[in-house]
Amino acid sequence: MYSNLWLIPFFPLVGAIINGLMGKKIRNEKIIGGFGTLLMFLSFLVAVQNFVHLLSDSEKVHQLVIAKWITVGQLNINWEFLLDPLSAVMIMVVTGVGTLIHLYSIGYMHGEVGFYRFFSYMNLFAFSMLMLVLGGNALVMFIGWEGVGLCSYLLIGYYFEKKSAGDAAKKAFVVNRIGDFGFLCGLLTLFWSLGSKGVWTLNFVEIANSVHLLEAGGVIVTIVTLCFFLGATGKSAQIPLFTWLPDAMEGPTPVSALIHAATMVTAGVYMIGRMNGLFAMAPATMMTIAIIGALTAFFAATIGLAQNDIKRVLAYSTVSQLGYMFLAMGVGAFSAGVFHLMTHAFFKACLFLGSGSVIHGMHHAYHHAHLHDDPQDMRNMGGLRKKMPITFITFLVSTIAIAGVPLFSGFFSKDEILWWAFGSTRGHWLLWVLGAAAAGMTAFYMFRLVFMTFFGEQKTHPKAKDHIPESPATITIPLIVLGFLALVGGYIGVPKLLGGMNRFEHFLAPVFEHNQELHHIAAHGAHSTEWTLMIVSVVIAFIGIFGAWFMYMKNPELPARFTARFAFAYRVIFNKWYIDELYDFVFVNPCKKIGTFLWRAIDVWIVDGVVNGIAWLVKGIGNGLRYTQSGYLYNYAVVMVIGVIVIVGFYVFD
Amino acid sequence: MELIIFYLTAAVAIVSAFFVVKSRNPVNSALNLVTTFICLAVLYVMLEAPFMAAIQIMVYAGAIMVLIIFVIMLLNLGIATKSRYTHALPIGGILSVLMLLVAGYFVRHGEATATGGEITSEVINSIGHTELIGRAMFVDFLLPFEIASILLLVAIIGAVVLSKRKV
Amino acid sequence: MVTVNHYLILSAILFAIGTFGVLTRKNAIVVFMCIEVMLNSVNLTFVALSRHVGNMDGQIFVFFVMTVAAAEAAVGLALMIAFFRNRESVDVDDFRMLKW
Amino acid sequence: MENLVQEAIQNVNLQAIMPSLVLCVCAMVLLLIGVFSKRGSTSHVAWLSIAALIITGAVSLCAWNNPQAGFAGAVLLDNFATFFSMICLIAAGLTILMSDNYLKREEFPVSEYYPLILFTTAGAMWMASGTDLMTIFLGLEVLSVSLYILAGYFRDQVKSNEAGLKYFFLGAFSTGFLLYGVALLYGVTGTTKIDGIAAYMLAHPAQLHNLMFIAGGLLLLVGFLFKVAAAPFHMWTPDVYQGAPTPITAFMSAGPKAAAFAAFIRITILGLDGMHLELANLFWVLAVLTMIVGNFIALCQKDLKRLLAYSSIAHAGYALVGLVAWNEVGLSAILFYMMVYTFMNMGAFAVLVLVGKKGEENLTLDGIAGLGYKKPVLGIALCIFLFSLMGLPPTAGFTGKFFIFAGAIKAGYIWLAVLGILNSAVSLFYYLRIMVQMYFRDPQEDFSWVSINVPVAISIVISVVGVLYLGIIPGSLMQLAKLAGL
Amino acid sequence: MAENLLTIMTFLPLVGMLLLLLIPKTNEGLLKGFTLAFTLVTFVVSLPLAFNDVFTTSGDMHYRQFVEWINVGDFFQMNYNVGVDGISLWLVMLTTFIMPIAVLSTWNAIDKNTKGFMAMLLLLETGMLGAFVSLDLFLFYIFWELMLIPMYFLIGIWGGKNRIYAAVKFFIYTAVGSLLMLVAIIFLYYYAAQSGVVLNGFDIAEFYKLDLPYNAQFWLFLAFGFSFAIKVPMFPLHTWLPDAHTEAPTAGSVILAAVLLKMGTYGYVRFAMPLFPEALPTFIPWLSLLAVIGIIYGSLVAMMQEDVKKLVAYSSVAHLGFVMLGVFALNLQGLAGGMIQMINHGISTGALFLIVGFIYERRHTRLITEFGGLAHKMPIFATIFMIVTFSSIGLPGTNGFVGEFLALMGAFQGGLRWYAVFATTGVILAAVYMLWMYQRVMLGKITNPANENLKDLSAREIILMLPLLLFVFWIGLYPNTFFDKMNPAMEKVLAQMGAPHQVVEIQQPMAPAHASAHGEHAPAEGHH
């Protein structure tokens, strides 16, 4: 009955192939875009059908084997899918948000040279992402895992004539590869370690059923989980591998929305959720995850404070939000993490698309005025709320959501995470502090963004300022839908405290239940604490908002003074803590140097040197011997006589 | 008595042989060589091999030496004007001395063990050296003898082909 | 009493002298003569040993050595003449077109 | 007196010398023909001598598997002798084939040339079949003297004179040592017959330590080491090979060398078996030395004839390896290798004969640049020969080397095999250089003077066929070599 | 089974070469067409092998043909003894498959002496096929050396500027190794003969049965291993490869990469390791170390190359490092990974060399700096190049991944865990150098005016790339086609190597907690 599961990834794949091969011939944007979107929508329908079915179904875990893939000895890997609440949620998000963004792209990418290329890639991405979330075993997941990496490479490098785009794409892929390296190591170690216990498998269900064979908290488990986590950090842009995500904004905005906000970057979180059984057994790893998450959330937020590029701000906020999710995972709040994943998908997608619409408008204006200012620089915006009202409204809603203002989706998820960070057996008040601080800063920079973009007087170049239109329907409709979701999306997971029954958590329970007892809230029913924390976080959020208002609305000259005052700190965060420079210095350049050295010194100089040296030596000896052949008769005779004397003498005198 | 003769002849042979090497004028060398040959002939006689002695004189002192001197004259090689020795003089000396040592050593410490063949002085005196030679030559060593003839034929051809003025 | 070793030593000496000549003299003809000396020393050995052993083989060998000597003399001298015609010399130093 | 004649007559066994007899008779007849035919025309003599060789070949094959002894143990015509005789005959045949036009080109068409080659071959056959040192010695002398003449045959070319003279002097010199050795052996054993010597040593094992015996044996071998051009008695080889007329060089490198090896093997294996260990070690050293000298010096040669001269030294080294093994595999290997070497080396020289101008100043590495393009067929042929000389499959050179090293390894001389192998690796360098010149460089000249004439073509074809046949299906000849082993 | 199928297949190209010699030099079209036809026919002749299911069930040698060849009684004897099993099968197929492509690729590339070139290609094919099918060490050696000659001429005559050096270097390197192997072969033979085993010529099957003392195995493995290591090539014996590859004409590079290098790895699998199992424990750590060094070293050096072809050449070093690592893992996964990776490398790197050839034919340079922004002018080319690049990087779904993954998996299970970890970094580096190269060649703006009017791929060029791309995905998505036929043979050879017995039956999962979790196991054979 779930046997049509394979259709979900299949549709986008078809779209990718057909658009990829035919697109150039078709050339008609309506058809291409429409086709791509349609296929996404189809797979969304299938997803919905399966999802609904799952809701009513008592049995929550379903596998579907399509075909054998690799069969070698103990290794037997199938093309198989796994549908359970977790993947169900994911496919909903991916297909749903995906469809919207495809729709959006039709308008946004209008008139681009490689329009068909774009949609082909987008479909391909959807396919990979769905393989990732539906994959029934680690290897199928890995296909998706690398597939999305590939697609992000392709899409970031979409404007490949721009060097920066090419670099960003390469960086994204390579950094992801570093993560994949971890993933692969983890995978292999897991396979071997389980195998040595008699279970040769990579199937998630079987893994979940047999993790108990491994020693809880043992070295193996820790190593395996750490490796996987390294993979996660790569994919989900956590410390230390987060540097690629901001650069990834080189790609078209829909890409940023879909890949670098809603779906792909959350793959890490999903993967940890998928293997929660394993992770649950490795406290050390859990702690690491939590700490990394919290730190990422915090640092990314600080960087976000100082960026002027509208998309970069969002990028860092994404990193920061992902930090939250990992924090959640780390403290065992798996469902909370996934919950935030979902809500974040909504509001962050909306934010990106909104920014996209803004950029679209700005670009249009500049184009109209034949100017070449940067359409993404917030310092050139301002007062756009009148020009593009829909964009403004939806954008505002999402901002409020992300800022964690009560009754908006972001509030529920984020608050639950913070509460777990504080109260869980694995939690710690420090984690909460970091998280809360990040939340405050988020509120600050998000509203800074809003104020700088939509409020105040318009700082756009006079020639262009009057030509900024509201975006077309294809763009606004998705905005509205997502804005709406950002508003209400939280209500499926209202915590008990607020009289909700947290349906979301119950829904996901089958996936997490048998690890949940490992992590439960220590202070059971300590409602007072929970209340206080909630209030405090809300207050912090409002402080952030107020700060933003105070600095960017009340007296706009303040930021300049501020930066002048704390010039150093500002420079540091403005330059993202010089992380890129650091990596270049520590890894990239040395690698190049070593490479050159190995080539010039070892290969050419030593190895070839030895080889040619031998040849040269032989020739030298030959040349030396050659001159014994002097041509003088008597020399020859002499040599002969010497020979005779030596030979005869040797045997006669011994 | 016998010993004295031996030593005398030996001395002369060695000295003349040495002068073959030493003397400046090829002709002198040739004449010294003749002397050596004659000394050897004497020794053959002492070894009860008169026939050998005879052909030693004829073939060597006669034929070969005449040929050599003839050639010397033909090419009228005078007294060597510049050094008559090659650069190998010192090493040549050393080597020949070494060789002498080696040879001397194995002659002293080895011994010619095969003895007691049927050809004793008596036999020789009774039958006569020449006949003995003849027997051996034509009964046991017929083939080598024939080959020798071929060899001489070849030599003749060679001499003709190589030195006849007009072919 | 003259033993076979006397003869052997003598021939060894002659052999050495001959070799010395071959190694040291420039004039090709002299060199050839020195080779003759060597051959003669060998002949002496043969005859002496033949008497010592007591069969005729050694002396027969001497015959053939003489034949060979004669043949070589003819050929060798012919070669020298041919060379002399081209180079007006029979110094072994001049046999030096071919080297290395 | 009467009984002596009887005795003499019953010693005679003409079958034992029939091949050489036929050959000599033919040679003399040809001599007369040459004398009475007008000067400058030699082709008919050439073809007749080919015929003579074929007849001789047929005759000597009659002796296969029916050994003929005779002349009071002076000669034994067994398979061993026959095999080597065949090698010499083939060598002589190929030589004559490549000679005719050559003589004309070098403007010295004198027909005595061919009888001399025949006599040389006869001498070689006596060396191969002789069981008495006297026979072997005289055979050797016939061979050498004729070769002195042939080497210096172009009396108007100084190069040729010099080659002849050098060969003559050093040859005579080494003869001195050889004779001295014979004399000493005679002194110790009282005989010059190989089996006699062996028998005596078997009867008096103590004499194995008799210095005179040891010295005699070694001096005797020196004579042969000289002939096979083993270091340090190789010095004459390059000069003589370079100076002598090219066909003669080819001939010397194959036929006489084979004959020398024949006598060498007979004497060492049969006569001096008592000194087995000492000699094996000696040959071990000499083999390595020879290979090194040959290959290493060949690396820096420009003149092709000289280069091939050094390579032939190296190959003598490989053959010696077979002798070191001192087992039947090794010995048969030498037989096989000599046959193989005859084909590949003669072939290579045949190509050179074609490519050379008068005086052969152009036979240098640079001289044949681009030959492969201008004369593709010759190029391919030369390549085949070179690959064979390198010892690469599927050519005879490979099977030959394999056979040789098989012998050595079977006898446990693994390091010798390794050294040999490394040496042939070195040899790759200079053989490849020739090919580099032929194919990888652009032609400097058009090689218009190269006219492929029938006899040489035949010799090349025969060589190619031989090389490939013995390379791909060597079994039959290997069998024969096995049977021909002592 | 067709008794002499292999013989026909092996010598068909040789026949072709001989016939080729009859065709006049001037008629280039005919020459090319003729060669192409012969290679294609050879491919067709070899097809029955691929479709024969006997390989799925038995790991023995099939299509055996045995003819007594050289018999010198107690001296030695060799036989013409050929056959294929699951291991050599795919290498044979790869060879026959790649040859027509190689021929097609040279259509316009060869300017001088086409006849010779084609002849050499055909001769080469015979050599390669023979080496893969021969079961007699001596026969193998003959073919092994036979490959040397044509490749030497291919590089030396039709190569680039520095061709002579490269050709001679290639020749000497390989010859030295193989000569030592020759000594080892002979020694092995007589050693066996003396130990009283009844040998059947140099039949490896008989040699497998030997139980040599450790010492002998040690030295023999050293000799064999050395010569194969040169061919693979393993660090530090690899330096001939970049030169040879860079100088060789496209077809030469393709064949060199696709097949000749496999000779080395194949040699390990078929000869060195099964013949001398007791020596393995001693050598494997060191060889694996070299393999890993090769992976990292090759990648790092490749990263810094300015010449595209050199870069690809060095990437080969890295790829073959994976192969060797997998093989040395001594278990089924590892070996399977190694084997499939051989084929992958043949396909991907072969394709890469073709690609380099394409741009070289157009611009007559291979310097990366000369290019840039080609994607604008040559979109099809860009796409194909992209796919091949990712298959070479080992992206899941392409062939490269299957190979690397299995090799690493094998190494992880074997004693080579730590080697494997380091080897895995190669996955990262591969991405770095390949993508960097791709970016510098294809992406960005067109800076060099010479690239302004480049033509996109011609039909011929596309056609000859398509089969390769097909296999890139086939192996990536359904490698079982190949594993099914490989497995039995691999088990056999592993047993011979003395590897612990391999669990072959598929592991049933543990008793499921979710009873009906497997209810849906019904394999819905969908679109695959």
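Order of writing sets the chain letters: A, B, C, D and E. Residues in each chain are counted from 1.
Following the convention adopted for this analysis, contacts are C-beta pairs under 8 Å (C-beta built on N, C-alpha and C of every residue); 3 or more make two chains touch, one makes a residue touch a chain.
Values in this document were obtained by computation on a predicted structure and should not be read as measured data.
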Reaching chain D from chain B through chains that touch each other, fewest steps: 1
Under the document's definition of touching, what chains do chain A and chain B have as common neighbours? C, D
Of all the chains, which has the CA centre nearest the overall CA centre? E
Relative to chain D, chain with the most remote C-alpha centre: A
Outermost chain relative to chain B, judged by CA means, is A
Starting from the mean Cα coordinates of chain A and chain C, work out the distance between those two points in Å. 98
Centre-of-Cα separation between chain E and chain B, whole angstrom: 73
Gap in Å, rounded to a whole number, between the CA centres of chain E and chain D: 45
For chain A paired with chain D, centre-to-centre distance based on mean C-alpha positions, whole Å: 80
Two-or-more-chain contact residues of chain E, please, as numbers and ranges. 172
Chain A residues touching 2+ other chains are 615, 626, 629, 631-635, 637-638, 641-642, 644, 648, 652
Residue numbers of chain B (touch at least two other chains): 86, 88, 91-92, 95-96, 99, 102-103, 105-107, 112, 114-115, 117, 135, 140-141, 144, 148, 151, 154-155, 158, 162-163
Which two-chain combinations qualify as touching? A-B, A-C, A-D, A-E, B-C, B-D, C-D, D-E
Quick one: which bits of chain D touch chain B in the complex? Just the residue numbers, please. 4, 7-8, 11-12, 17, 24, 28, 31, 39, 70-72, 74-75, 110, 112, 115-116, 119, 122-123, 126, 132, 134-135, 138-139, 141-142, 145-146, 148-149, 152-153, 155, 164, 184, 186-191, 200, 204, 207, 210-215
Where on chain D is chain A touching in the complex? 165-166, 169-170, 173-174, 177, 211, 214-215, 218-219, 222, 226, 231-233, 235-236, 238-239, 278, 282, 293, 295-301, 426, 429
Show me the residue ranges of chain B that touch chain C in the complex, using the header's touch definition. 2-3, 6, 10, 13-14, 17-18, 20-21, 26, 29-30, 33, 36-37, 40, 43-44, 46-49, 52, 55-56, 59-60, 63-64, 67-68, 71-72, 74-75, 77, 80, 83-86, 88-89, 91-93, 95-97, 99-100, 103-104, 107-108, 112, 114-120, 132-133, 135-137, 140-141, 144, 148, 151-152, 154-156, 158-159, 162-163
Mind pulling up the chain C residues that touch chain D in the complex? 4, 8, 15, 18-19, 22, 28, 31-32, 35, 38-39, 41-42, 45-46, 49-50, 52-55, 57-58, 60-61, 64-65, 68, 71-72, 75-76, 79-80, 82-83, 85-87, 92, 95-99
Contacts from chain A onto chain E in the complex sit at residues 2-3, 6, 10, 24, 59, 61-76, 79, 139, 142-143, 145-147, 150, 153, 157, 160-163, 166-167, 169-170, 173-174, 177-178, 180-181, 184-185, 188-189, 191-192, 195, 198-201, 203, 205-206, 208-210, 591-592, 594-596, 598-599, 602-603, 607-608, 611, 615
